[in-house]
Amino acid sequence: MKITFIQTGGTIDKDYPKITGGWAFEIDKPAVERILEKLDPSFSFEILSAFKKDSLMIEDGDRIQLLKMIEELENQKIIVTHGTDTMIETANYLSTIANKTIILTGAMKPERFYNSDASINLGVAVGAINVLSPGVYVAMHGVVKKHNEIKRDLESGKYF
Amino acid sequence: MKITFIQTGGTIDKDYPKITGGWAFEIDKPAVERILEKLDPSFSFEILSAFKKDSLMIEDGDRIQLLKMIEELENQKIIVTHGTDTMIETANYLSTIANKTIILTGAMKPERFYNSDASINLGVAVGAINVLSPGVYVAMHGVVKKHNEIKRDLESGKYF
Amino acid sequence: MKITFIQTGGTIDKDYPKITGGWAFEIDKPAVERILEKLDPSFSFEILSAFKKDSLMIEDGDRIQLLKMIEELENQKIIVTHGTDTMIETANYLSTIANKTIILTGAMKPERFYNSDASINLGVAVGAINVLSPGVYVAMHGVVKKHNEIKRDLESGKYF
Amino acid sequence: MKITFIQTGGTIDKDYPKITGGWAFEIDKPAVERILEKLDPSFSFEILSAFKKDSLMIEDGDRIQLLKMIEELENQKIIVTHGTDTMIETANYLSTIANKTIILTGAMKPERFYNSDASINLGVAVGAINVLSPGVYVAMHGVVKKHNEIKRDLESGKYF
């Protein structure tokens, strides 16, 4: 089994800025690198970066770029890390892709936080991609559902 | 979806002893509690404890007890946290159980360690149990396989 | 020995916002609470909050409030957690206070980060306050110096 | 300021064994390395290893070796990381050394644990060594006292 991980930014990758005087986060290296180092996986993998954006900033052009990037991949198992605010929009956008299993996941707290959900969420996506047939899915809060079946409680932010 | 988590002990649950003068670990509360607190899951769950043993210490009587515990459960989705040294033996032992999806997982480093694989391993089991049909499986090092298909490299300790 | 810890905000206390759609941090409970829980200290202590501000936002009125708060304390050993960008300004401002040992400290990364310097910085301040005579000091990057002797490299952000 | 850190083993350095089938901890690289990486100190330092033992295993020969190692150092500020069970015995043993400031510290939980006191304890020792005049001290649970003034509650394990 080989998994292709694609970074698009979002909370999971938010880190503290190196410059002084800053207030907001910055997005740097994919958190996936640090999580897979802990896992020491038996599957082979590659980590690609599509873009590094808060998901509210993602535009149509970004989604076209991501779609093309995935279509051109030979590998069929793809996990996309993504900001939580427009994860379903991007999942729907990718749903035209055939013959690939694509799972979008992310985190409510940055992977850099010791109380983050990032490691377990990525684990959920990895566990599901071992088994799932082609399609586009979202994995958040421990549930894995098709892009057109997952829902979000906008008040709590929880997917179900 | 409801998941029943069952503690049997093993590395994942090893904690530092409270008493002075100690050298070995002790096994206390299930690490699953602390991991699910970070996940904030959308599925319902219960956490049970069968026993608290290093997996080299598990005897036939323990496995009988675990088997009966699972058979008596109404719920059909069960994740068993287990020591890594005899995980496959226990999985094989449980393979007579029909109509339930049972996944065994654990960790190479205790969940208390900041560089532990526990959170991601449990995530892998949770992701797989969303999808898998009944049977007994092992989820370690990012792969999920049937109890009679998973193998272990005895030198590195890695499952594949 | 009794230590009074006073929160003023800053990087050390920055946490991830609970609301959806956010990009910036928010400042909530004092990180000192979580650090002291790990330390399990033999000294007695109290934790007060003066205000919760990024240190670039601290105004004269805030510093007057902090000064009065410290002057009215009976206790003579005070550790102030503070943002790193105006720590020296506040230390200089407090230098009129007599007969109290006051140490300002903070962090380059939020305490919530697993790679944070918060715990060790607070430790440095606690270790120094065991020993120091009255005066106003800054404890950062492992050095403890009088308010008018500490300096900061503005490029790297390091105190020395 | 230059600080010489000397590893002797103990809980602070306990790590999980790499081999399969193990139950007890092993002592490997000094935890000080990982803690100082987070601190990014402004002082210069060196990290030496005297031996790697649980402190109940330390014998007279080990203490002689440590004593000689410290006496031969040019540097005058020394922090010794040590197991908690015989920390006071070793501190008393070193008290014949003149003209050096020596602080012994350690941890109740291994530095590898996310809820460890290791980082803050080392910080306490670093903060105190900025200020203290020559002598032998113990820094644990947030208090720093001379080797012949520190006491331990044998039931809770707490120093005071």
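Note that the chains take the letters A, B, C and D in the order they are written out, and that residue 1 is the start of every chain.
The rule we apply is simple: a contact is a pair of C-beta atoms (placed from the backbone, for glycine too) under 8 Å apart; a residue touches a chain by one contact, two chains touch by 3 or more.
Quantities reported herein were computed from a predicted structural model and do not represent experimental measurements.
A.B. asks: Which is the least count of steps on a path of touching chains running from chain A to chain D?
C.D. replies: 2
A.B. asks: If you average the Cα atoms per chain, which one ends up farthest from chain D?
C.D. replies: That would be chain A.
A.B. asks: Just how far, in Å, is the C-alpha centre of chain D from the one of chain C?
C.D. replies: 26
A.B. asks: Hey, how far is the Cα centre of chain B from the one of chain C, in Å?
C.D. replies: Computed value for the inter-centroid distance: 43 Å.
A.B. asks: How far is the middle of chain A from the middle of chain C, if each middle is the mean of its Cα atoms, in Å?
C.D. replies: Measuring from centre to centre gives 36 Å for this pair.
A.B. asks: Multi-chain contacts in chain A: which residues touch at least two other chains?
C.D. replies: Residue numbers touching two or more other chains: 108, 114-115.
A.B. asks: Which pairs of chains touch each other in this structure?
C.D. replies: A-B, A-C, B-D, C-D
A.B. asks: Write out the stretch or stretches of chain A touching chain C in their complex.
C.D. replies: Its residues touching chain C are 11, 16, 20-21, 23-25, 54, 56, 84-85, 108-110, 112-115, 154, 157.
A.B. asks: In the complex, go through chain A and note every residue touching chain B.
C.D. replies: 1, 35, 38-43, 108, 114-117, 119-132, 139-144, 158-160
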